[in-house]
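Each of the next two complexes has subunit A plus one more chain, namely subunit B in the first and subunit C in the second.
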Partner chain A sequence: MTPAKVHRLGYVLFALFTLTAPWVLPLFVDGFWVDIYSEMLIWSLLAASVNLLFGYVGLLSFGQALFFGMGMYGVAIGVAKIGLGFWPAFGFGIFLATGMALVAGIFAVRLTWHYFAIITVVFSLIFYFTALSWKPLTGGDDGLSFSMPPMFTFGEDNEISLTDPTVQYYFIVTCVGLCYALMALVLRSPLGRALVTVKENDMRASLIGLNVYLIRLTAFVCAGFLAGVAGSLFAFFGRYASASYMFYHVSGEAVVWAIIGGVGTLLGPVVGATLLITLREELSHAWEHYLILVGVIVILVVVFAPKGLGGLWLALVNRLFGGTKAPPARAEDAPRATPKAGPGEEKP
Partner chain B sequence: MSGQPILEIDGIEKHFGGLAALGGVYANVESGKLTAIIGPNGAGKTTLFNVITGLLPPSAGRVRFLGEDITDRPVHEISRRGLARTLQIKSVFNGMTVRENLWIAAQSRDGVFKPFQRASQSKRANRVADDLCEELGLGPLADQQAANLSYGDIALLEIGLALATEPKLLLLDEPICGMGPAETEQTVAKIRELSQRIDIVIIEHDIEVVFDVSDEIIVMNLGKVLARGTPDEIKSDADVRTAYLGDDDDA
Partner chain C sequence: MELVIALGMNGIVWGLIIALIALGLSIIFGLLDIINIAHGDFFMVGTVLAWFVLETTGNYWLAFFIVPVIGFAMGALIEYTVIQPIKNAAALSIVATFGLSIILQESVRGTFGAAPTRLVPPIETTVPLFGLEYEVYRLFAALVSIAAIVVFFGFLHRTKMGTWMRAVRFDPETATAMGIPARRVYIVTFAIGFAMAALGGVVAAPITTVDFQAGVDILPFCFMAVIIGGLGNLEGTVAAAVMLAFFEGIMASFFDPTIARIGSLCLMSIVLLIRPHGIFAGATR
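Showing the complex of A and B:
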């Protein structure tokens, strides 16, 4: 088997598990893990939004919870205050998050590294405190809950709604799946290659004629979109929006998930979010200070597997199934490489 | 085209605080000639390149490229007009393969804001990348990460990045600095060959190479143009000898 085949097999197994989880998971563990799994998938999108910025275009954001929160409030305010139906509210949440990312991004992506990280924190704090104090609209400390509008209605009484757990699960899986498919599509496009180029060397990127600012802004808006979808889904999931999900603590968690899962790999964030939410669910009741363990894991991963568990997996598969060998030092020593069709295959 | 100025440097000044790195540089670069800029360390050669390519805004003066004012234009726009450069400290995309490096430089000419097209289906960029791999002798290294290349190969790759953007004028900042004798010879031959089809300005400290390849030499000192002329004229210029070459004939 070639590494590519192993990866494809991995994707298929992951997809099969996800699609059958409502039946498979209860065979092994308590049924509430189906709910938790769908929650993990939602949170993985927030980690994916960090990953798109940090892993692909080289910007470390500690403010992605802002766009998650915008998505949440978009849905909750849309339903509870404006009286929107299911789909318009969903669209409103995503629109609000993406629009917010555009506005914030116009200022934020002028900066890089710690300056960028700081401005993203500042943005999210401004809106966190705004949400907290604007009680009539957001519910302040209490948050804003709403009753679930139906997705579709047929005739008088028949309707499809997320109140049905199966509908809810597959709705979440479909949305999350579409987001990852979209991300995979963009990452293997010229734009995706340009993102990596900017991360690698922004000065060289502009010297070959790439508009670095516009590329960073595009990535920032796309990341805001992903976080917005996550927030909107989470609002439907909990029938609730709260400013606490906009706090930088949430942003920081997403960064940890992304780093542990592996930045620069498409599905790394799913691995990171799944693993750490499982830890939280299992350990937080039993051990108050379980975050110490999370801290140790982060340190171990950063030191021993800088590309995260996703990167570790890629390296392992490449070694076991004959991937690239150690690079030769000089041109003369190099084996004759076979020309490839594209500029390098994408990593999962 | 010979004799037409492709680049006009009109009174460029650059001050860093109280220090005048460039104190009013006037120089035209003529098409069809290989122009070399020489001068002692700190003469302002690289600063001048940085101003021309938009990496540094000048304190005063204008730069015109192909007759159009490019002063204060963004770096990427100047690149798109056909002005490419290499850096003194070699700068490529280390985490990408040789081929990916060349590919993105070629693709930047066709635009990269194509989120729903597969990168591997960009026929022109694929062809340019493959051709340049062959042309630069990097073919066997095409799938190697740039970070694993030898210094000389990285320098070649950087020239390749510039060429992939199909420039009209190529600025090379110390292209053979740090190379061994064999690599130097190879690179100089490449530069001479390229100068047949692209206008080149080169900053170089190796005087033998400069006298060997260039048609025109601009000597800079203390942020100004000290002298310019053909290699023979420069060799016999008294000011240049004292300021830069020293009194030794072998310099």
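Showing the complex of A and C:
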């Protein structure tokens, strides 16, 4: 088998698992893991938005929670305050997040590297504090809960709504899957190549006639869209929106998921989010201060596998199946770290 | 009017404490190229250690001497175990220090507890100042901060280690070639950064609350001071910290504190966009 085939097999297995999870997961573990798995998929979209910016254009954003929060509040305010139906509210949330990303991006992408990281934090903090103090609209610290509007209604009392767990699961899977497909499509297009060019060397990119500013802005808006979809889905998932999800700690967590999973790989964020949320769910019952362990794992990954688990996986596949290109980042680390990476790569 | 003076004064005092903490952040950033997300938690560890010293010895003044020393040791240890291995991947410093921040917060929550605690200031008297009764401890806190900042600048410009630090920051390769032990300089720099944040914690603990989340609130403010003052411009950091806190104090006397915070954040984004190299760029060099 060639490495490409192994990767394709991995994708197929992952897709199969995701599609059959509502039946497969309860065979092995408690039924609530289906719910947690859909939550992981939602969060992985937020990590994917960090990945799109950091892994493909080289901009480290510490403010993606802003667009997540915009999507979340778009849905919650749309349903609870404006009285929108399901689809208009969903659209409103995504529209709000993407529009916000456009406005913020016009200013933010003028800066790069440290300055970019800091201005994205500042923007998200401004709106965090605004959401916190604008109680009549956002509910402030208490948050804003709403009751789920139906997706479709047939006749008098037949309706399809997310209150049915199976519908909710497949709705989330469909949306997340579409987002990843869209991202893969964009990354393969000429625009995707341009993104990587800008990341590798923005001076050369501008010399061969690429509009660096516009490319960065496009990526920023796309990332805002991904985060917005994640936020809207999360609002539907929890029937709830709260300012606390806009705080910069949420953005930080997304950055950690993306980097643990491996930036610059399409599904790395899913692996990172899945692994760390599984750790959270499993360890939080066993040990109250499990976060210490999470911190240790984060540091270990950064020190020993700077390309993340996705990078380890690529190195492993290349080594086992005779890949000739792209040797492992640190040859001596790959075999030693493999047992640790194993459970993360298989979907739990 | 009295409220404006009181909050403005509080702002200046708070700004001096922030300046002390932000200086630590600034040298770590300037010398090691590490964006230290855990710096706010170094401050928080300082407040908790101060509380601990007060609980065990009953004497708050001891904390002013013991806590910076503990901070220095912890900083050296962290540099050696966490920062040194990622030196060749500075982009990942944000993630590594994020992990560090989680560890510090969770350790404090496990040992100290989750509930915020207030400390009684060691000096409880007040003096009449500008027509109001002002707490002596706050004046004392400002004095300690100024003294520490002056000592730090003296150290940086008058001692061998300080000269080494400036040399390594200017050009690490030439400095190493000239025989300066760069690794030791990195360790000392990080340790001093931690010690300054911890001292800031001791000074601030009786004014604010001792809380495992205190670092999360203070971190953006320190970064603002570093950025507005200009990355690597240490004098600018001090000036920006005092100005920002004063501005926020004055704003807070007219508006809700959250609105004041939003105001200073907006001010900061404007500065970042118009003068990304700080408001003092060009003034010093």
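As a convention for this text, the second predicted complex is superposed on the first by the 323 of 348 C-alpha atoms of A that agree within 3 Å, B and C clash if a C-alpha of one lies under 4 Å from a C-alpha of the other, contacts with A are read in each partner's own complex, and residues count from 1 in each chain.
The criterion applied here is as follows: a residue touches a chain if its C-beta (ideal position, glycine included) is under 8 Å from a C-beta of that chain, and two chains touch if they have at least 3 such contacts.
Just so you know, these numbers come straight off a predicted model, no measurement behind them.
Q: Is A:R204 contacted by the first partner subunit B, the second partner subunit C, both or neither?
A: first
Q: After the superposition on A, what does A:G295 contact: first (subunit B), second (subunit C), both or neither?
A: In the superposition, A:G295 contacts subunit C only.
Q: Have a look at where A:L185 lands relative to subunit B and subunit C in the superposition and call it first, second, both or neither.
A: In the superposition, A:L185 touches subunit B alone.
Q: Taking the superposition on A as described, I'd like to know which of subunit B and subunit C A:V196 touches: first, second, both or neither.
A: Once the two structures are laid over each other on A, A:V196 reaches subunit B alone.
Q: With both complexes overlaid on chain A, does A:F236 touch subunit B (first), subunit C (second), both or neither?
A: neither
Q: Now for A:I259: first (subunit B), second (subunit C), both, or neither, which partner does it touch?
A: A:I259 sits against subunit C, while subunit B stays out of touch.
Q: After the superposition on A, what does A:V212 contact: first (subunit B), second (subunit C), both or neither?
A: Touch partner of A:V212: subunit B, not subunit C.
Q: Quick check on the output: what are the common subunit A residues between the subunit B footprint and the subunit C footprint?
A: The overlap between the subunit B and subunit C interfaces on subunit A is empty, containing no residue.
Q: Using the touch definition up top, name the residues of subunit A that touch subunit C in the complex.
A: Answer in residue numbers: 60, 62, 107, 110-111, 114-115, 117-119, 121-123, 125-126, 129-130, 132-133, 248-249, 252, 255-256, 259, 288-289, 291-292, 294-299, 302-303, 306.
Q: Okay, in this complex, where on subunit A does subunit B touch?
A: That would be residues 185-186, 188-194, 196-197, 200-201, 203-212, 214-215, 218, 324, 327-331, 334-337, 339-344 of subunit A.
Q: In their shared complex, at which residues does subunit C touch subunit A?
A: These residues of subunit C touch subunit A: 35, 37, 82, 85-86, 89, 91-92, 94-96, 98-103, 105-107, 109-110, 216, 220, 223-224, 227, 231, 256, 258-259, 261-262, 265-266, 268-269, 272-273, 276.
Q: Could you please specify the touching residues of subunit B with respect to subunit A in the complex?
A: It is residues 53, 55, 74-76, 79-80, 84-85, 87, 91-97, 99-100, 103-105, 107-122, 125-126, 129-130, 137-145, 148, 150, 153, 161-162, 164-165 of subunit B that touch subunit A.
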